[in-house]
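Shared between the two complexes below is chain A, which pairs with chain B and chain C, respectively.
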Partner chain A sequence: MKRKSLGFILADTLYIAMMTLPVLAGLILKILTKPASEGISVTGAQIYFTLPLPIQSLPVTESQINSLIVMITALGICLFLTHGLKTRNISRRQHLVEWAVEKVDAMTLDSMGEYFKGFPPFIMSILLLSALSSLLSLFGLYPPTSDINIVAGWAILVFALITYYKFKCGPLGYVKSFCDPPLLAPLNVISEVATPISMAFRHYGNVLSGSVIGVLIATGLQGLSKIVLGWLPGFFGEFPFLQIGLPAVLSIYFDVFSGCLQAYIFAMLTMMYVSGAFNADEYFARKNKKIKN
Partner chain B sequence: MLELAIGIILGGCALGAGCAMIAGIGPGIGEGNAVAKACEAIGRQPESKGAVTSTMLMGCAIAETTGLYALVIAILLIFVAPNMLVNILLRAIA
Partner chain C sequence: MQTLEVISVNLWQTLISLLNLVVLFLIVKHFLYKPVKNVLAKRQAELEEHYTTAEKAQADAEADRLAWEEKLSGANAEADAILQNATELAHNRGDAIVSEAREKADGIVRVAQNEAELERRRATEGIKREIVEVSGAIAEKMLEREVNVEDHRSLIDSFIENIGESDE
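Here is the complex of A and B:
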């Protein structure tokens, strides 16, 4: 096999640094700014600093910084995986990225249809961003998905897409889509507004409940180890030995499985809602009519 | 008197959070039904396992939504509401 050139190795190192350094920087920032607290407590995202703006000052929180970290990491992963693509004799990382791209392409084609051919990159970025955000809690950082502001932003983006594809059939078509049975129009409007709310709450609630349960169990184990091992002398009596390892077992479900599942569900719901909002028959009928005129 | 008022606020918040989580029954039953039917379907047609599993996960996620609304309300009642209400009370007294 041909040896890799120096430039290739240098670029690889840069990309790996792009993947790891932001997480390290986030950890250091958290350690430096975290106020000393008694025991374990459930708190929201910590405010790092406040930007003074003319209308209202903008607090920059942990979740915003962490979602920037996730974005840089995701960019690093993408650049690393797609570095040095070849047509023959392909490397392991190219196998991986080809598999992922084919999977997402098939998934999108399966649930959205032929018209939405351009959607796989969007779906893939939602998947990657959401999964990495939830997995950030494995490093001890605050996962951005357990802050409703971040997830609500994504849900509003999806809502804008839904509205855009409903408007494809013209403004009249948009109004008509609510009056499917004309009597139920108010309920349809409510369910339309409820779509982004329920999407945001679903993702946020799942991740947040996982972290709250994790904190509760960690606190409980601290108390339990004080009761069970409290009679030991000195350091051994003080140190919460039961906290080592046991919360990690639950973390496999709540952080890894639940986080990845929620990313999949968010992407799946995005595809379902967007493709459901687009009325293909009417759109093509209108288009043909226009061409004839 | 102030202690009693704060105690009533804390107790009311805790009771409200507990009552809100009654909503957890519904998703529990619903998801149990969904998984049972999915198991039946896979038993009848093992070749459609992938499609059934992904549809089931979707359905479970949607059934879970009401429970999560209740969870969010309970979390707000436990971690956010007491502080806010006590502050309102203290401001009203002062």
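Here is the complex of A and C:
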């Protein structure tokens, strides 16, 4: 095997640092600022400071900071995976990134069709952002996806895309899309508005409920530990031995599985809604007519 | 330290999150998709190139094979022709040599015969002369007078001719 050059190793180290250091910094920040909690407390993100802005002041919270961490980590992952791409004798990381790219391409082609060729990077970024955000809870950090504002932002972007593709057939086409059976037009409008809300709440609710259940189980196990092992003297009576084990197994489900599943679902719904909003037949008919005129 | 409510909608946070997704989209597009797509396209192009060169090489090899086969069969015929020519030439040359040798031998034999004939004639001539002289001396003695050989040459000659004829 060919020895890698020093520059290559240095760049690799930089990218790995980009992937890991933000998470580490977030952990340190959390340890420094988190007050010791007593009992069960299900709260939103911690507010570090508040910026006065028009309409509504902006509280800079854990979810903001952690979103930034996720962004930097994602950038590090992108740079690391695409570092040293070759056409033959490819490395393991290139296998991984090619596999991911081809998978997302195939997924997008399957559910959206030929017209949406520019969408795979968008779908990939949704998957990356959502999954990494949810996986932050593995490190004990606050997952930004359990903040409704974060997910709502993505859902609103998806809603904007849906509207954009509905307008591709002209303003009249946009109005017509609600009057499929004309009687149900009000319901269609409601369901249109409900789309981003349901997307946001689905994602947010799943991740938050995972955290809540985690807290509940941990607290419950602490209480149980006190009841069962409380008679032991000193340290053994105080230490919540029963908290070891079960929360980890639950974390595999709620943090890893649920987090990745929600990312997949969000991406899937995005593709379905956006491609469903686009009436390809009518669009091409209009285009042809325009060319003829 | 304060915390947010579990559900608290904030316009700016939402907007920031939206922009975050847009920025990440740009990052993924530029830093992940572009290089990977580039390398995939490059590999595809390389593969195509390899295929075309391989096909070309195969076609070339096939053409070469055919050409060589043709040449080989041509060479066989050529070798046959050369051999035939050479045989014919050798045949002709051998014939020529043999006939020349025969001619030469004939010439030698003829010369030898001629020489032998000449020798014989010379010998005959010598003998004749001696006989003339001897017979002249004998006749001089017998007649006791000098016979003029010059005078009687014709006489003696005819005599000897007669002897020779009666001898032969």
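Throughout what follows, the second predicted complex is superposed on the first by the 287 of 293 C-alpha atoms of A that agree within 3 Å, B and C clash if a C-alpha of one lies under 4 Å from a C-alpha of the other, contacts with A are read in each partner's own complex, and residues count from 1 in each chain.
Note that in this section a residue touches a chain if its C-beta (ideal position, glycine included) is under 8 Å from a C-beta of that chain, and two chains touch if they have at least 3 such contacts.
What you see is a predicted model, and the numbers here were worked out from it, not measured in a lab.
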Clash-or-fit label for the pair chain B, chain C on chain A
fit
Per-residue touch tally on chain A - higher for chain B or for chain C:
C
Which partner does A:V101 reach: the first (chain B), the second (chain C), both, or neither?
second
Tell me the contact category for A:P120 with respect to chain B and chain C: first, second, both or neither.
second
Should A:S5 be classified as contacting the first partner (chain B), the second (chain C), both, or neither?
neither
For A:I265, is the partner it touches chain B (first), chain C (second), both, or none of the two (neither)?
first
Is A:S198 in contact with chain B, with chain C, with both, or with neither (first, second, both, neither)?
first
Contact-wise, after the overlay, does A:L208 reach chain B, chain C, both or neither (first, second, both, neither)?
both
What is the contact status of A:N293 with respect to chain B (first) and chain C (second): first, second, both, or neither?
neither
By the touch definition at the top of the document, which applies to A:N89: first (chain B), second (chain C), both, or neither?
neither
Please state, to the nearest 10 degrees, the angle that the Cα centres of chain B and chain C subtend at the Cα centre of chain A after superposition.
140
Smallest inter-chain Cα gap (chain B/chain C, superposed on A) in whole Å equals 7
So which bits of chain A does chain B touch that chain C touches too?
42, 208
Contacts from chain B onto chain A in the complex sit at residues 54, 57-58, 61, 64-65, 68-69, 71-72, 75, 79
Which chain A residues qualify as touching chain B in the complex?
42, 198, 201-202, 204-206, 208-209, 212, 261-262, 264-265, 268-269, 272
Taking the touch rule as given, give the residues of chain A at its contact with chain C in the complex, in rising order.
33, 35, 42-48, 53, 55-56, 58-59, 61, 63-64, 67, 71, 74-75, 78-79, 81-82, 85-88, 94, 97-98, 101, 120-122, 124-126, 128-129, 144, 147-154, 156-157, 208
Touch list for chain C against partner chain A, complex:
1-25, 27-29, 31-33, 35-40, 42-43, 46
